[in-house]
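Presented sequentially are two complexes of chain A, the first with chain B as partner and the second with chain C.
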Partner chain A sequence: MAPLKCMEKDYPLIDSHFQSFCASHAIFSFEDFLLYDLHALIASADNHSSSNTLKQGIDQLLSVIDAKLPSLRNGLQLLQDAECNKLLLPTGFQGIDALLGGGLRAGQLTELVGLSSSGKTQACLTSASTVAKQGGSVIYFDTGNSFSPQRIADLVGQTSDYVVDNQAELGPLQRVMERIMCYSVFDIYQMFDMLQQLKINLKSKIVESDHHVQLLIIDSISSLITPILGGRGPQGHALMISAGYLLKKLADDHNIAVMVTNHMVAGEGGTSKPALGESWKSVPHIRLLLSREYDSNVCNISTLKHPSVASGRAAKYTMYL
Partner chain B sequence: MEVGMLPISASKRGKLLAAGYTTLHSISRASPSHLATDIGVSEDEACEILKYASQTSALDPSIGSSNASTLEGGQTAWTMLNEEKFATRITTSCADLDNILGGGITCKEVTELGGVPGIGKTQIGIQLAVNVQIPPEYGGLGGKAIYIDTEGSFMVERVLQIAEACIEDMSEYSHHFHNTVQDCEVKLHPNGILENIFYFRVCSYTEQIALVNYLDKFIEEHKDVKIIILDSVTFHFRQDFDDMALRTRLLSEMALKLMKLARKFCLAVVLLNQVTTKYIEGSYQLTLALGDSWSHSCTNRIVLFWNGDERHAYIDKSPSLKSASAAYSVTTRGIRNSNSSCKRIKMV
Partner chain C sequence: MEKGGVKAWIDGDETAHDMLRRISAVRSTLLVPPLHRVPLRLGNVVEIVGPSPSAKTLILIQVAISFVLPREWNGVPYGGFDHSVLFLDLDCRFDISRFSQMLTHRIMEGNAIGDCDKTLYDLCMRRFLYARCSNSFEFLQTLKSLHYRLKREKDHGVGVHLLLIDSIGAFHWVDRASVFLSPKETNRKKLFLQSVSEAVVQDIKKLLQEHPMLVIATKSVIFGNTYSTTSNEVNRCSRNVTRNPQQIQYREYMPSVWQSLLIFLIYGAPSILAVLCYT
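Moving on, here comes the complex of A and B:
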């Protein structure tokens, strides 16, 4: 919140008289007001000549606080919300869906970690095509020019519902592919701008048509964060954590499943560990480790972190070619 | 804190936070002179901060967006699929290699080629710099090339040799497929090919990064550049780099810039890399240099290796190409198919 003098325009009760009263208690900004002992302030206002206007000013500030508080929900409301809104989205791989208990959950941030060429982008493309086939809309942030529309067309055309060769049946393929929107993002600030814009756009649309956004994929978020992480100053860390917070809030408020990919770096003893460090570990709700045996289509996936599945559980799945 | 999302320097951010401005809303309500006195910067700097803040909060809910898309600035997969059908690729002059690449090197993507010394990386780089200039009538792009040399391995005489061989092959092709005399004329001259290669020599990593930053402006002025070849991207980052964390940051930022250039100007970026050994699963194996985090800085990754006496290329990583390998050879005329004495390059 702003220093008190900037609030004067919107809240006329916070005039210069009130501001000088607050200044006498070393209160210059909204945060200072929150930290100050309220009873002591009211008592001091009583001793002033214009105590009524001062108390009105204090009430004004308190009402501003009330307006900012989110509503409290009890456990039953959360359960109903989870059952109605936070649905499971199948990824298209039976092995992964079985491991996750049905698929990706709306409202949660899932991270895929793996070495180079372990199948992360393929998993993203497959999830995008599966969700689009079922009628949901997908937003794909691509940082490495790896979004391959041809691959999506192949994946969509793989089930018996759509036959791509037939001229007459191009309609369904087009409809499905038009639900996937791909954005090229090369800069973390650009990503923030786009996420803010998305937040505003989603908030302003109360009732959406049948194509509401169900899945948001960022491939890969580590290539956006690595240039700013480390070095002098904690800005990189702060941006990384606020990115995670923004994604989780988007997921929860608008019932979207968010999927991000991360790469691996060398750890101790020659093993690899996920990139982005210790602070990022607690950000995603679900962390999955992908690996692929050399020159084969069979991939392994195991849980590193999951709220309801034991970590270390593994599954195998085959990649379609 | 929303102020953290503004692209301003750390000191200005600190001053804003110390003065009590933590959200963008609070900044946008202040006037420039007010802001300048509050945080102790000049009025120009305060105006700049306000400009950034208003750009971000100009995402006004009342403007909203049309019902067509939830977010602007992107393309649907369907439009991208249709665009892809018309994209031409840059041939490598080796039919087998072109086959595994789906026709050649794709534009809008960053392709990394890595291998042991002597495997032919620079040769492939030079061949691509010549092949990008093949005119559209012969199935090429008719564009220019930027060649960034960090090792000093660019030999002009070799480029001339390859250019002459390319022109000879083109005229041979046109003799077979065109009957009228005037169509047989190939309008290219080896000197013309040399003129269309923009050559940059960099001698340190700072020069390399500065050049990649400058390329945006350069390509704005030379819009027909269709390929950027960086030979090699590793050289200045391997020796004497004390701070590995700094190296990772610099490399990932450079990679993002190259990705952006590839997408923005629809050109191909080819990075040539060296090899190092890595301890995987109990043994030391050859992998490409610059570490695990660099492996995410390219769209496609091709490893070049020796198989007996033959040179082979293997697609290690690609979102759309199948894993396959092909053999190629380096001849006096450039990169060609191996085994066969076929001197004619396949024009599609």
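Moving on, here comes the complex of A and C:
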């Protein structure tokens, strides 16, 4: 909400005469100008005595708009950005990676949906350990105290030679564990605070540059959003959609892959459906459904929504315990 | 009939696949279903509604490809419209690699050799312009500055004749919840959602006057069938679309000012297709 008064010192054409002309049309801020009909304003400026200066003021505001926006990109530039910056991160499960065409893609928001104990948290922990092993930083928002350092150490120790036998060999394992930053988040406002702080840190590059943040995991985002949904007002849904946009913007601007988990609720006819409702469906880029056969290590994963893969395509993977 | 004539007549001239390929190369119409059922002209505004996921963005991508391809290239007919396309991504979910895949496939299909001509591919990719907005103010800013940007594009090369918006109801909840504080509170009878929608519609109308183009917008259904409580803030009407014995209820949530801009509305669900016409 930038009042026009404050813009005067940077843009001298927006002087007090122009401001009083705008005030006569109930335009007091930049946002008011955006909502007003531009042609009606120009027509009214024409009828005014000092129409030239007023029109120059209007042009000045339009050039401010033009300068603020990024220029239009064409398909080749987008593709080049996608190929150079938006890399694929393997999750550590061959089945999931095969389904996703290589792994989680930086710049995209992937959602894992599943019933309780279907392996969502295990998938998150495994992805975190895989990415950390390969040198990237991971930020883990844990909403239900389900993050387990012992499990991460087990996973890291399984597929490489970071064996924790004696204190002297703790070095490599410790370095991997240090790349995973875990935060406990218990309500959505705290999550917004932390995401804004992360945005500021990334923008000013406070984090050391040899370990880029590559993965952001929120386990589970539905436990943060469900308490505020419901009720008659739109505020809950608005917060949910804003959280989605904030995550997608972070992912796109800083080339991070974001992974969130969601639980399931009762749907029509006794089946289960993902929580968070219809509006949430258009937020993630990719939605995957996890399920686990009873008392078995084999998990099924199928796509609910993916830009390139038909929904319903399934794969199996085995969890190592 | 002659001896071999009966058999030849039964065998037919060509398969349906060959015929489709021949027609789509020769006749430049929007053969992309479901748009092939509606007569479209520059200046029309079409809305494609459907639950998520129902391939709405895929329809937009296919239309975009049929617009950026030239009518013919190196002797090979592609049947495109030879224009530039602008894609406004309000959902911030567009995947350029999907577009690239489909374009490559289309070029290879039309080519007799079956390979992808790099020059043609680059030309088409360059004609696809993209912008993303993450809130209503950015959307309004983009629309207001579009007039000058489109003029610049036209001076450089081909003009933009297709505007794709994905999806128009993206900021609905955020706008509904916004309390827009203004010093002159008493003058503000209208709600923020109403003001934003009116501003968007006005900008699009003015844009269409200067640059005639076809506007196609997608919208996802955000109120399921079991939504019971309704607030009186937004002018809403529920439509019953009947097709065969099944009855689908789809609740309109965009303000009536947007409805007045539309020419056609296409409702797509996984198995149902209906076209509602506005006059």
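We take it that the second predicted complex is superposed on the first by the 270 of 321 C-alpha atoms of A that agree within 3 Å, B and C clash if a C-alpha of one lies under 4 Å from a C-alpha of the other, contacts with A are read in each partner's own complex, and residues count from 1 in each chain.
Convention: contacts are C-beta pairs under 8 Å (C-beta built on N, C-alpha and C of every residue); 3 or more make two chains touch, one makes a residue touch a chain.
Here the structure is a predicted model, which is why all the values come from computation and not from measurement.
In the superposed model, A:S279 lies in contact with chain C only, and not with chain B. Once chain A of one complex is fitted onto chain A of the other, the partner contacts of A:A238 extend to both chain B and chain C.
When the two structures are aligned on the shared chain, A:H39 is found in touch with chain C, with no touch to chain B. In the superposition on chain A, contact is made by A:N74 with chain C only, not with chain B. Of the two partner chains, chain C is the only one that A:I65 touches; chain B does not reach it.
In the overlay built on the shared chain, the residue A:E31 is in contact with chain B and with chain C. Contact with neither chain B nor chain C is seen for A:L88 once the two complexes are overlaid on the shared chain. In the superposition on chain A, A:D252 contacts chain C only, with no contact to chain B. In the superposed model, A:S308 lies in contact with chain C only, and not with chain B. Comparing which residues of chain A touch chain B with which touch chain C, the overlap comprises 1, 28-29, 31, 232-233, 235, 238, 242. Touching chain C in their complex are the following residues of chain A: 1, 26, 28-29, 31-32, 34-39, 62, 65-66, 68-76, 78-79, 82, 108, 232-235, 237-238, 240-242, 245, 248-249, 252, 277-279, 281-282, 285, 304-305, 307-308, 311. Looking at the complex, you find that chain A touches chain B at residues 1-3, 6, 9, 28-31, 115-117, 121-122, 125, 132, 137, 139, 143-153, 174, 177-184, 186-187, 189, 192-194, 196-198, 200-205, 209, 213, 220, 222-224, 226-233, 235, 238-239, 242, 263-266, 270, 272, 275, 295, 321.
Interface of chain B with chain A (complex): residues 1, 4-7, 10, 13, 19-23, 25-26, 29-30, 38, 55-56, 59-61, 64-65, 67, 69-78, 80-81, 84, 108-110, 245-246, 248-249, 252-253, 255-257, 259-260, 262-263, 279, 291-293, 295-299, 301, 316-317, 319-320, 322-323. Remark: chain C residues 51-53, 57, 86, 91-93, 95-101, 122, 124-131, 134-135, 137-138, 140-142, 144-145, 148-149, 153, 167, 170-171, 173-174, 176-178, 180-184, 187, 195-196, 199, 202-203, 206, 220-224, 229, 231 touch chain A in the complex.
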